[in-house]
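Just dropping this structure here.
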Amino acid sequence: MSAQPSVSSVFVALVRRDMALAWSQGGASLLALGFFLIAVSLFPFGVGPEPQILARIAPGVIWVVALLACVVSLDRLYQADYEDGSLDDLTLSPLGLVGVAGAKVLAHWLSTTLPLAIAAPALAVLLNLPDAGYPVLVASLLIGTPALSLIGSIGASLTVAVRRGGVLMFLLILPLYVPTLIFGVGAVDAAVTMSDPLPHLALLAATTLVATVVGLAASAAALKLAME
Amino acid sequence: MHRFANPAQFNRLADAVMPWAMVATVLLFGAGLYYALAGSPPDYQQGESVRVMYVHVPAAWMGMFVYVVMAVASFAALAWRHPLALLAGKAAAPIGATFTALALITGALWGKPMWGTYWVWDGRLTSVLVQFFLYLGYMALWKSMEDEEKAGNAASILALVGLVNIPIIKFSVDWWSTLHQPASVMRLDGPTIDGAMLVPLFLMAAAYQVYFTVVFIWRMKFEINNRKLSVMRSVDMGH
Amino acid sequence: MIDANLIFDSETRLTGSALGCRRGGRRVFDGLDFEVQAGDFLSLVGKNGSGKSTFLRMIAGFVPKVAGEVIYNQGGKTAAALASEDITLVGHQNGLKPGMSLRNNATFYYRLMTGGVPAPERLQIAADIFALGSLLDEPVQYFSSGQRHRSALMRFPFVARQIWLMDEPTVGLDADNRAALAALIQHHMACGGIVIAATHDPMWVQGNVLNMDQFQPAHGTETDDEGWL
Amino acid sequence: MSAQPSVSSVFVALVRRDMALAWSQGGASLLALGFFLIAVSLFPFGVGPEPQILARIAPGVIWVVALLACVVSLDRLYQADYEDGSLDDLTLSPLGLVGVAGAKVLAHWLSTTLPLAIAAPALAVLLNLPDAGYPVLVASLLIGTPALSLIGSIGASLTVAVRRGGVLMFLLILPLYVPTLIFGVGAVDAAVTMSDPLPHLALLAATTLVATVVGLAASAAALKLAME
Amino acid sequence: MIDANLIFDSETRLTGSALGCRRGGRRVFDGLDFEVQAGDFLSLVGKNGSGKSTFLRMIAGFVPKVAGEVIYNQGGKTAAALASEDITLVGHQNGLKPGMSLRNNATFYYRLMTGGVPAPERLQIAADIFALGSLLDEPVQYFSSGQRHRSALMRFPFVARQIWLMDEPTVGLDADNRAALAALIQHHMACGGIVIAATHDPMWVQGNVLNMDQFQPAHGTETDDEGWL
């Protein structure tokens, strides 16, 4: 038979497929971006247009909405593959379920959460974020968003066999997002108030590391169980 | 583990423990409440409102303790695929959620006279709230699928993931300088509380513990019976 | 047809003894023995709900067994290696992404299973087996149910794996395609492949038959060790 | 054959089925409530715990999050029925597609958005809403939430044939929610600042009326198209 | 079987002439004529993708036709009334809510179609036709694929409507249930019902056959009036 398949090229294939699907029509990427944009712009309507208030709440609102946009786009991370049977194929591939979870999370981060980090400065302008906040806002999102994808993957895999899993996933994931949120906003607030954001960013990085280990292991275990 | 590994064994053990636990619950609650409400002095700073402590602190401890019980059961369920462990987690969750809710509510009521507000967003309070949400998520996941075994396994994974929250609750007061006071009983260098307060506190803690045992056993038997019934029903259906 | 000189290991042998399986908290079958070896065709028959699909998913490692053992090549290979190297399973869902063309779907499947890129001729040959050649560049979303099912079946010839697990492969196929399926199976057997197919329709292929109705758990077995849950 | 079926009892049957499904295991109701609860509690993390700031943004945050909770739960309003084929049955029933949309929206409002209105005061406590705001907060939600369900139904029906419709729906609906949001928050702000909330509530009621007409007609048309 | 004395209107007649249908931007069939009347069985055959499912969904009013006309009882009834009073369609999806028991699923279906509550005996009789009686109180999600499909087929006898549209009704049925299906169809015909079934399997029922392969649009017809779209 053919030579032993290379696991890394299978991994790359899966990442590329998922990114292609995410960017295609009806895909998650543009839509998460759209959600982010629209939900953030609802706040001036809700809270009123006073610049000081907006500036005060800007980091928090941007982070919270980025987080919601991420969960919304995670909704069908595994479920679409589960429902159409592709997950069977993925399980029979040489990759293993941890690899599958890793590839899908990476694709999700690259195609969906990373664009949020890149778009954030534009929305920060809408909310009057003080100038000092911009670099740290982007840095905190870059460091923190992988944790969002990873933790989200736990929720998505746990609810994969649940119809109408979407809202249940929110319930499971949002509490787990709290540390990421606190450190992320803490870093931006520190920058705005001219104190040192580094400790916050370090804690944020630690959260992402923990999320990597726990997230991939838990997702793989949950997928295995769902396949029964 | 394997001594309890079948429901008949469990039931026998439970029937032996149950009466003692019930008697102990009544006695400990009686003594604890007496000391807490009447037999201990008011605090020189807090006055009578210190008595909330005897309800609040053990409830907070139990919220965490039950979570650990649930996580251990979940681990056993996943590692050995043992159904009894699965049901143990299921039986523990609502009790733990209730304790956590009690800690939250009494804490909030206590906060009004002490801090001037029911609620602040400090690390301790927040992480306890997160724990409450984890309990809710665990129970929601159990209910989300008709296939109980599948649902229980998914919930068990969540319980294990949520375990990272326990150290956060415990050490949040040290990591963030906040309103909530740091540990004064569960310290490596011994408690820093006055003895007159320690007695009712420990009596109440012990009472909560045996109360948990009683309710837990009762709920376990209930869950086991439920499973038996549904299996019998499906056999009758003739598959 | 597709790999001109492909011959699978003729020593391959898959044996199961006293297999039992539970699903949704209920025993589905019990005491099932079977054996297949290189070149065999095994058709699973039995009433609806007798456990045909469950059996296939158990062999693929999706559904855990609660009793008995499956041994592959005298224990020379683990269940995990078996699943990721030797098995192709096509069940009721077809695993196709509706927005993508059949060509992209198939190419991705090939890359997922082998890490390599399929030669265009290989793709063409595999598609032609089920007369899908002219549909290769259409998005799958516009396919009729039979066309979709054929697109799923195309995986069998497309990626060379020895053990084919088919769950109701004839469903929705027109007569021409049923004949193509039979020919494909026969060719795979001639190469030393193994085919296990659950079906209610005649398959037009000679082979052993496993009747799942024999292995229904007796009433009352539920009360044993794990039955109470 | 049997007597002419009574359309109203078919309508009631559909409302009752949908409510039963919403409250059942994994159903949308409790979970939307959970989302509402959790998402509102995320804001203090993001924005910081200062009571005055929280009080200032409380009406806006509660309204925006109620709106997001509603959209999240709308996600599969029609999609579940579409995917499992029940929508075929509904179309062949004596009810007609406008009736189907009406029954499903009513069930959604009763089971999912109404509980949000009822839970809102509890969350307002967390965000330090001034006492004067409570009655109007509840009133504005009671009057405005039907519009959320109705407008949401348009988005849900337009995206019914789209896999991963969830985020697309956000994009379609959220802009349409802006008037409801403005009038709703306006009423609460008016109450808090001791001015008259009635004009705002009247506009809100008008929005709901318009949404009823437009929402049902548009949903029925979109469903008809999706069935092709 | 279920309504002892049910006799449908024997004057009923459904005629289509020069029907054409487009889907996914492409003509599926063209110039199709057919006629059925009370007591008829019409089986649709043809290659995959020839438009059998499309034809059924067109009659039910889901897919609009682009040419020709369907006339019911000399125009005595509109298409909308036809759909909401006389048609039952069961296609590839089964329209069952997985978390609900079969009994609740069926009861809801009955209420949806008639506004009334079915008598328990009626439900039992309908379920027994496909040997589902013992499964009535199980959640549908635990059913095997054949059991699900039978649960969907149960709608035909359960609610009295004259025109039954069946899309591949034999799929996944074991032999006993195929016989039950044939008997059910024959009974419906005897009561003056009309059955149109798309199928690749023998149906064991006498009737007319409509071969969809005849109506494939010629290459190049795409360039006519609506072809530019």
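List of remarks:
By written order: A, B, C, D and E. Residues from 1 in each chain.
The working rule: contacts are C-beta pairs under 8 Å (C-beta built on N, C-alpha and C of every residue); 3 or more make two chains touch, one makes a residue touch a chain.
Keep in mind that what you see is a predicted model, and the values were worked out from it rather than measured.
Across every pairing of chains, the maximum count of C-beta contacts belongs to A-D.
Across the assembly, the mean Cα position most removed from that of chain E is the one of B. Taking the mean of the C-alpha atoms as each chain's centre, chain C and chain D sit 45 Å apart.
Chain B and chain D have Cα centroids lying 36 Å from one another. Contact with two or more other chains is made by residues 26, 162-163, 165, 168, 171, 174-175, 178, 228 of chain A.
With touch defined as above, residues shared between interfaces to two or more other chains in chain E number as follows: 23, 92, 98-99, 141-142.
Of all residues in chain B, those that touch two or more other chains are 126, 129, 133, 136, 140, 144-147, 234, 238.
According to the touch criterion at the top of this document, the contacting chain pairs are A-B, A-C, A-D, B-C, B-D, B-E, C-E, D-E. Those residues of chain B that touch chain A in the complex are listed here as 78, 126, 129-130, 133-134, 136-137, 140-141, 144-145, 150, 153-154, 157-158, 160-162, 164, 168. Taken together, the chain E residues at the contact with chain D in this complex read 6, 8, 23, 60-64, 83-85, 87-89, 91-100, 108-109, 111-116, 152, 155, 160.
Here chain D touches chain E in the complex through residues 1-2, 5-10, 13-14, 17, 21, 24-26, 83-86, 88-96, 227-228, going by the rule given at the top. By the touch criterion given at the top, residues 23-24, 26, 46-53, 92, 141-147, 150, 168, 171-177, 200-201 of chain E touch chain C in their complex.
By the touch criterion given at the top, residues 146-147, 234, 237-238 of chain B touch chain E in their complex.
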